[in-house]
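Order of writing sets the labels: A, B and C. Residues in every chain begin at 1.
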Amino acid sequence: MDPITYKLPHTPQGIQKPGEPVKHISSPAVTGSSVLGIKYKDGLMFAADCLGSYGSMLKFKNQHRLHAIGKSTVLAFSGDVSDFQYMQETLDELMNSERNWEDDQSLGTKSIYSYIHAIMYQRRSKVDPLWNSYVVGGIEKGKPFMGYVDLYGTTYEADSLATGFGKHLAQPLMRKALEDKEGDLTEEEARDVLLRSLRVLFYRDTRSLNLYQIAKVTGEGVTISDPTHLDSEWEFGRNIRGYGF
Amino acid sequence: MTSVGTGYDISSSTYSTEGRIYQVEYATQAANSFGTSIGMKVNNGVILGSVSRKISKLLKPASNKCISHVDKHIGIATTGWTADAREILNIARREAENYRSSYKIPPPTTQVVQRLGFYIHAHTLYSSVRPFGVNSIIGGKDDNGYHLHMIEPSGEHWGYRGCVVGKGQKEVKTELERIDLDNIDPTLAVNRMVKMLLKAHRDSEKEEPYHMEISWVTEETNGYHERVPQNIIDDAINQFENEGHEGEGEGADEAQETMEVE
Amino acid sequence: MVPTEHHGDQWEPYVDNGGSTLAIAGEDFVVIGSDTRSSDGYNINTRYDPKAFKFTNNTVLATTGYRADCKSMAKSVQAQITKYAHDHGKEMSVEAMAQMLSIMMYQKRFFSYYVFPIVAGIDKEGKGAVYSYDPVGNMERVGFRAFGSSSALLQPFIDDQLGFKNRADIKPEERELHLPDLQQAKNIITDVFNGAAERDIYTGDGLQLFTITKEGGIELEELPLKRD
């Protein structure tokens, strides 16, 4: 009798034959959508919604996607949640073994970013990538730093960064906000552009949620807000004609 | 020693005719001949302390520590061969880390102690290896509260309310037994520990310069293993020096207080 | 059913991040220009991600292609160059560095770096040197070379202007006599990069212009380019 099996949407088809090159079949299962990061006067601000999607299913509606690493670094992720959790464990292990030295030193944002990049590039080079895009930011020696890393090991730095749909929808809004103020936003202006971006993402990205978190890194350290409701307006739909109404 | 020359003392894989394992006994002797370490499990905390003779004025302070972090909430104090202690520390950290990655929770102190005890014991079974010349006192906090354990070179380990190992073993043990460990607060306990360590040092090493380390896991450190602030240690040292430590009456007032509680 | 839009038979471990580089060797100098944009498809990742790096007081390596590979390769080259300096008590020559890079790239022949490097420097005779490579390490010393997303725009132009290819007015044996001077070379680079930024979406934002001379070492100028 055949055993009862349940096929997950991403269950690999076929089996590994002996002598064949190893095939890593990796594709994301539970995923997070865009994350955003922007530099402002006192430091950096990050935003992400709280959704962990399983395909088109809104599976986890309280998924935290902004995390503090150490005292002045934030790690924001999109993509596969379990791959992120693996990364988080790895970083926790790293921070812990650094603490063991008791040398009054701790890893700064750039070092953490470099470490994440090393892991991501190593995995892509094994053709077994961690299915994530990361925005890593923080304050090191009084200076703000923010960088992007993804499953290809691609890295870049900028005053505003976004992953996923945010690259298309939020990045133009954030770049404009920065250009208008010559890269010197106040906390309110930074929060405002992030919320506007989240709202656009909620309207246009089907894998998004109107529950979000904002994280801040300043000279004082990291603060991550509780999940907060995002207001949106759908009434205009009543006035739209021509789509079968 | 009666056994020397009979051949039973060259390998830990063979018992002597009286049922002893001399290599393990020698290791124990080695471990006990360097400084003194104390562990105290007290009211809402566990404290580790260690004192040893400063072997040279040229040493860089704190360049060879005998108290270390095993994990966020577990600490270890070692006495004996420092190179052996290093190995034990690495194994302890490895076991704690493995436990964490398997179960995604902070490793319980007893788990780390058991795994470490197993490893140390394994080094008493084969003629190809030398037993560790180290005594380890391990203190930590987990869901079941505070814990204090000591592992001997034989791999034997027990849980304790108070334990001491090293040169000043005898005297400190008597004094520890006089303290109401369950009810004494961590800060006061540190004060007592510093004095006991200093006395142990003076008894065997006279006025030789010493190296002292104290750490704790308490409510105040949020369950983390941390070093005790230097000013608390200095206060205790000053008190000790001012009280005078020649007579047996040292710390008698406090001892009486705790006696009354008992 | 497929849970997300990514999911192919085989995941591709390469990306093209665009950008262009151009190097020109003169009699006693070499100039090398590169833009600072990094792209992924229609997205601009960042407007400032330099492609060219100084390695010794005499050599610059500029690389287009897949940025992660470019950076990883540059890091390995830097490590070897530092080691060489420690072992030999002197800096690596541009000839040695060029050969070393070829070997390092060929060592990854069957999982190659997706990169198009140019090495520029002053050789042992004091002459400007430009080395160009394909992604598996095939190396060639040339007088000038354009690589990257605008290479099809830039290379034909400099072939005409600097190489006098297919020109009836200059005899093949006289081409060597018309090497550009420093100012001419710099002008060509700034002009053609403005042209590339106009017509190529992957080239723009900023231009880094390295000038290497025997006396002056390496100088870097940064100039703006179109950002659209």
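Simple rule for what comes next: contacts are C-beta pairs under 8 Å (C-beta built on N, C-alpha and C of every residue); 3 or more make two chains touch, one makes a residue touch a chain.
Given the structure is predicted, the values throughout are model-derived calculations rather than measurements.
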item	value
Longest centre-to-centre distance from subunit A, chain (CA-based)	B
Centre-most chain [mean C-alpha coordinates]	A
Separation of subunit A from subunit C, taking each centre as the mean of its C-alpha atoms, in whole Å	33
Separation of subunit A from subunit B, taking each centre as the mean of its C-alpha atoms, in whole Å	45
Inter-centroid spacing, subunit C versus subunit B (mean Cα positions, whole Å)	62
Subunit A-facing residues of subunit B, complex	65, 68-69, 71-72, 93, 97, 100-101, 104, 227
Subunit B-touching residues of subunit A, taken from the complex the two chains share	89, 92-93, 96-97, 99-100, 102
Parts of subunit C lying in touch with subunit A, wherever the complex brings them together	1-4, 6-7, 11, 13-15, 17, 38, 40, 43, 45-49, 66-68, 71-72, 111
Subunit A - residues contacting subunit C, complex	9-10, 26-29, 31, 54-56, 121, 124-125, 127, 129, 131, 148, 152-158, 167-168, 171
